[in-house]
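Each of the next two complexes has chain A plus one other chain: chain B in the first, chain C in the second.
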Partner chain A sequence: MTEYLVRRLLQSVLVLFLITLVAFGLIHAAPGGPTQIMLSPGLSPEALKVQAHNLGLDQPLHIQYIRWLGDMLKGDLGYTFKNNLPVGDILWPTVGNTLVLMAVAWLLSLIIAIPWGIYNSTSAYGISDQVASFVSYVGFAMPAFWFGILLQELFALKLNLLPLSDMWTMGEEGNIGNLILHLLMPVTVLSLGFLASYVKYSRSSMLEVLDQDYIRTARAKGVPERKVVFRHALRNALIPIITVLGLDLPILVGGATLTERVFNWPGMGRLFIEMALAREYSVLMAITIVTAVMVIIGNLVADILYAIVDPRVQLGRKGGRAA
Partner chain B sequence: MTELNLDPSLGTPELGSGEATKAADAPSSAWRLFWSKFSRNRFAVIGLIVLGFFILVALFARLIAPHDPTYIDYMFANLPAGSEGHLLGTDELGRDIFSRLVYSSQTSLMVGFSVAVAAVCIGSILGAISGYFGGIIDTIFMRIIDVMYSLPTLFINILVLAIFGSKFVYMILILSLTSWMGVARLVRGVFLQLREMQYVEAAKAIGVSNWGIIFRHLLRNASFPIIVNATLMVGGAILAESALSFLGLGIQAPMTSWGIMLSNAQEFMLVDPMQAVYPGLCILIVVLAVNFIGDGIRDAMDPRHKVMISRRRLDKWREEYYKSEI
Partner chain C sequence: MAKKRKRYWLSLFMVLSLFGALLAGCGGSKTESGEGNNKPQNTNQQTDNNKQGEVENTGDTGTPKDGGTFTFSSPSDIVSINPIFINDTPSADTELLIFAKVYDLDRAGNLVVEPWSLAESLPEISEDGKTYTVKLKEAATWNDGKPVSADDLIFTINTISNPEVGAPGISQYDKVDKIEKVDEKTVKIHMKEVYAPFGYALNFSLVPAHVLKDVPPTELKKSKYGVDPAQTVTNGPWKWTEWKQKQYLTFEADPSYWGEVKPHIGKVIYKIYADQNTEVQALLKGDVDTVTSIPLTQLDAVKKQKGITISNKPGASYEFIGFNFDKNNFKDKFIPFESQKARQAIAHALNRQGMVDNVLKGTAILMNAPFLPGSWADPGDKAVNYAYDIEAAKKLLAEDGWVAGKDGILEKDGHRFSFELQYNTGNSRREQVTAIAQQSLKEVGIELIPKAIDFSAWAEQNLTPGKFEAILLGWSLTNPDPDQESIFSSNYFPEAGQNMGWYKNEKLDQLWVDGYSTVDQNKRKEVYAEAAQELSTDLPYVFLYQYGTPQGLGPRVKYAEEDAPEPTRAHGYFFHIIKWWVE
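What follows is the complex of A and B.
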């Protein structure tokens, strides 16, 4: 187990290192490079040189990279070009807001999807199963932001039941009831996306397990169906779902981006779009790295959970699931 | 509505052209078997018809659209649906909404198909090299895929388009560069399985080059899973394009796309809520159609897949069976 953990950790560090290379490389591949973007326009050539020197832009690329990486490791995410604000001050509050939205939507969809999928596996091709299949088809094919706009038009503009956007009503910051009202629509949009895949997945995973010999044996011995499903089948069926949850994390972050944009939710995704349009590269890099770290940790946790839950996983083999 | 009836004839050769030639020299007609299974899947056939319909609309957009989709006329801004000469009304700049919808289908289908083709090419080549040669190359490619999977794709797309500017070609490039991994893994899996086969050994023995073996002998074994994957990728690319255009980073102004129309519609939600409905509905229908086709191909190819029979029909059969016994 320890050996597996160490290897998996080292792998994550390697992946993270490659991601920093990609992010850094992208910025420096931009037409004109960061020099043009970062330096204030309209300065004399001498002043530009001084500024470039101060920002370390006259150094060779690998030195710049090492410096940047060192700053990142120390937790210094750099400064915005426009007002020279520390990136961390802008970024961290939005991370929290995104996590609130994501966690609620994700938990909600899991709470609905897994029991529903289990039920559907026991009555495959029944009405509930057909409804679930319809929901997942639509959930996969519908642009989430469109669904959001439709909800806004219906519940906020037409029926006037829910707040149109934002996280709090002005002056009501910290009021949980107010937060819940604001959460309702974005959470619905986000959880439909997850629901679509989780219902389908837990159903097929259950069906596969229910088809196995030991289930037939249990039934033949006269174990009641309820016990067969919940005690014998469910445990094994849940194992592959854990992997899917881990793999879904990037989608979780990416999907929240559009939803945040539509509902003006002050999260990381909305910040990313704003900063992309304003060309604030240091913020973009920081968000990319932060999300990558979140995703990698998520995958790591999923892999470890997988190994703990399923004793059949051979830890000795290289890389577990991914390799 | 008349176009609907024409479509199967358009859809069939489009999917079949590559496969039909192969089937012709095969003794057992695998293609016909596939088609008979596929055509029994109601949803897949509907998907094919709908997709064919949209392809026709895109091809003949010039004839179908009553107005120039870029023609701005403030005199006729924000007309409601059903106004004279404007079937679905006009937007805030007086552009005809129906015409814009029609022309947008060109953008969406073009993005969808080009991304799928490009991603399949990248994925098959990298997956084939990885699976065939194995060893250190395989390890490196698999780590690259791990990295690609742990990046939030949307962020990377936004980042690249923000840095390099929103050009159509760039969008197709970055969308394909972030969606080839599935195909690569799939092809690699097939190659890992098949590279030890005797016919590969025989090919090597008579001096066929590595590339010859990869492209002539092994790659076609993966062709059907690749097609399924590519079909599903078309839908994904259409959704991604609409998202990027919605954010203002995808398709740019004189061109039109369902995503752009949606971002306009959100701004003018109070004036005309229906404007937001049409483009989203178009996206939903096209992507649904494509996904139905993809699932249909997969089910028709999968020998383990049982034909889905409704419970009512099953009960009916059972009843008839019992009756016949008596």
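What follows is the complex of A and C.
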């Protein structure tokens, strides 16, 4: 296991490096640049060159990359072009804010979806199953921001029960009760999206397993139904679900840009769009790295979980030796 | 340097476009956008809209109250509130709260001395028009107790003029020869030549020389001045207390403010909303007290709400279709609209009133020349008005030698009358206007090919180098002076100036110079009337309309009628905010 982890981590570093290389190239290849954005009537071409020079933008791309990489390795994410603010100061709070929102929504949807899906598999096409199907259709079909706007209209404007937007009421920062009030609507929107797919996955995954011969054998042996479902079927059914969860993990920081916008949540999704339009290269690179790290972690966590739920998977061993 | 003058603020316009781009991200919410497709109407009356647009309810005439919080919403965050570097709307909005200007502008755009201006009296201009004497108020101080002095003024202008600093306002002072300190509160600014628009360059904020003078010019941009509230020494009615990036800024009435007129509002919050729909809902809910750009699709919904005042007089911007006159940008080096008649035909064929009614919901006024209606340089009837008239357009095209080809598109000498019109992605107004133009032109046999490009890429690859066939763009006339040499004169071809369409007209080239070479306003008025006539006849642009963004004000905001918002001034939604109060 340890050996496997070390190997995976080393691979990850390589992958991360390649990602930064490609991202750096792509971001710089996008037409327009920070000095273009500063393009103001007052700046003559000469003055723009002076500015580009001050910002190091007149250097060849590979030199810029090496410089950036060097700073990165020292933990320096760089500064914004426009106002020379440390990138970390802008980025980290938004990562935290997004994580709060997404983690609550994600965990909530897992807590509801997986048991519900399991239950529905044991009584397929029952009322509960039909309701779940309906909820899934709605969740899949309704654009998140649209649902968000509907909720806002109803709960914030008409009924005036909930705050319209933001993470805290100004001056109430740190008050958990206040945070929960602000979380209610965006979490509802996001959970519905997650729920829609997780409930379906867990149900169909369970149904597939419940059809297997060994389940029939277990039942034939007289194993109680509870035990059949939870001990024999569930462990196997969880494998595809874990794959999906692992793939979804990066979303926890990548955020739901539209939901963040509608609820004015100060998160990373919003930041990314804003910074992309402003061609703030260093912020974009930092966001890319954070997201890439999450993807890598997501896959790693999924792999480890496989080993836990499925005894057939033995990490880091060549198939034959383990047998 | 002197040649590289580009005075017109692409920046504000740019902010607006970015804004449009952001909007596109979630445009689905209220999709009225489809209705922009025109129902052609033959409407020639162009002044009808003048009346609407007044602020609908005038403010309360009750007694002003001190204290209270005023919340202002914005679609984006500030960059820096260091006056030397300000180049975007949010930073300039907040600058007005914490920095006094040397001179202010009145409703009509005249340079004036207000009780809150730093100057004591209007600048004395010498007889030859080349020396401006500026005297600052004795009482004016920075909020660290130091006086606002002649040194600050000299330092500010010299710093902005230094190319190493990278100040966006650099061109405003390029006609300045030298600045002489007369005494602690007085300076004499010597100009290289007579340059009438210079007066408006004195409508500016100062930075404290005693704080910044030891920072090397190239390091100024990295200074914490303007980004850290604690290190930003100011001289305006409010002081900057907090900046929570991407969320909000707060400002509090400054107890050490020197002015005789003190602000009523105790605290101003500048709150950032990523989404325009949410911003408007926040106004409806009462979370914010004013929204400066209500999307046109939501205007009706806001109007229905009781207690919300809407100010939708057009602002200081105009939109146009600009032609390119450089052959190299065209297939086979053939410019279909090379002749004046062809351009006039396009002007006649465009249903501009239809654009104003359907796309801008009546919040715009037709324009025929680049001088704001109602300003002192408004040429009135001197500018040619091209009524929507398909027959007139067809006639002009026939006179120009165009005949219908097989596919209905006009042809001449084996060339089709077809051109590409570029605009920026995500700007739904321009999208719709382009659609209307496309349809209108098709009726007279002209093919318009719309092309949307991301703003930043557009600026770099097309606008700055002048490489396109035609563009749909807007200019913000943040400076009320009518001089627009750097847009239309052949001395300002790319990349030195903003004559991006390579337009050359010797008569106009001279008129611009005549216009700024005298400080006599009556003489200037005549010059610009002639320029308007020439421009509207020769049509380097088809001028479309003067437009703005409707501002909504919540029920708590109060002001006397004379202090109401003034959309035609830059940041006019804050006009006289020092005298506003909240209930």
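The working rule: the second predicted complex is superposed on the first by the 268 of 323 C-alpha atoms of A that agree within 3 Å, B and C clash if a C-alpha of one lies under 4 Å from a C-alpha of the other, contacts with A are read in each partner's own complex, and residues count from 1 in each chain.
Just so we're on the same page, contacts are C-beta pairs under 8 Å (C-beta built on N, C-alpha and C of every residue); 3 or more make two chains touch, one makes a residue touch a chain.
Because the structure is predicted, anything quoted here is derived from the model rather than measured.
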Chain B versus chain C as contact partner of A:Val244, first or second or both or neither: neither
Which superposed partner A:Gln152 touches (first chain B, second chain C, both, neither): both
Partner chain in contact with A:Leu277 - chain B first, chain C second, else both or neither: both
First (chain B), second (chain C), both or neither touched by A:Val135: neither
Touching partner for A:Tyr125 - first (chain B), second (chain C), both, neither: first
Touched partner set for A:Pro143, first chain B, second chain C, both or neither: both
Touched partner set for A:Met170, first chain B, second chain C, both or neither: second
Partner chain(s) touched by A:Val223 [first = chain B, second = chain C, both, neither]: neither
Which of chain B and chain C A:Leu26 touches, first, second, both or neither: first
Chain B/chain C common contact set on chain A: 30-31, 143, 145-146, 149, 152-153, 157, 257-258, 261-262, 273, 277, 279
Parts of chain C lying in touch with chain A, wherever the complex brings them together: 1, 4, 6-11, 14, 18, 21-22, 25-26, 28-29, 76-77, 79-80, 85, 87, 163-164, 166-172, 218, 221-222, 226-227, 245-248, 269, 272-275, 277-278, 281-282, 284-285, 287, 454-461, 464, 486, 495-496, 498
Contacting residues of chain A [partner chain B, same complex]: 11, 14-15, 18-19, 22-23, 26-27, 29-31, 125-126, 137-138, 140-143, 145-147, 149-150, 152-153, 157-158, 247, 250-251, 253-255, 257-258, 261-262, 272-273, 276-277, 279, 281, 284, 287-288, 291-292, 295-296, 299, 322-323
Chain C-touching residues of chain A, taken from the complex the two chains share: 30-33, 36-47, 50-51, 54, 79, 82-85, 89-90, 93-94, 143, 145-146, 149, 152-153, 156-157, 160, 164-166, 170, 257-258, 260-264, 266, 270-271, 273-274, 277, 279
Chain A contact footprint on chain B (complex, rising order): 142-144, 146-147, 149-156, 158-165, 235, 239, 242-243, 246-249, 259, 262, 265-266, 269-270, 273, 276-277, 279-280, 283-284, 287-288, 291-292, 308-311
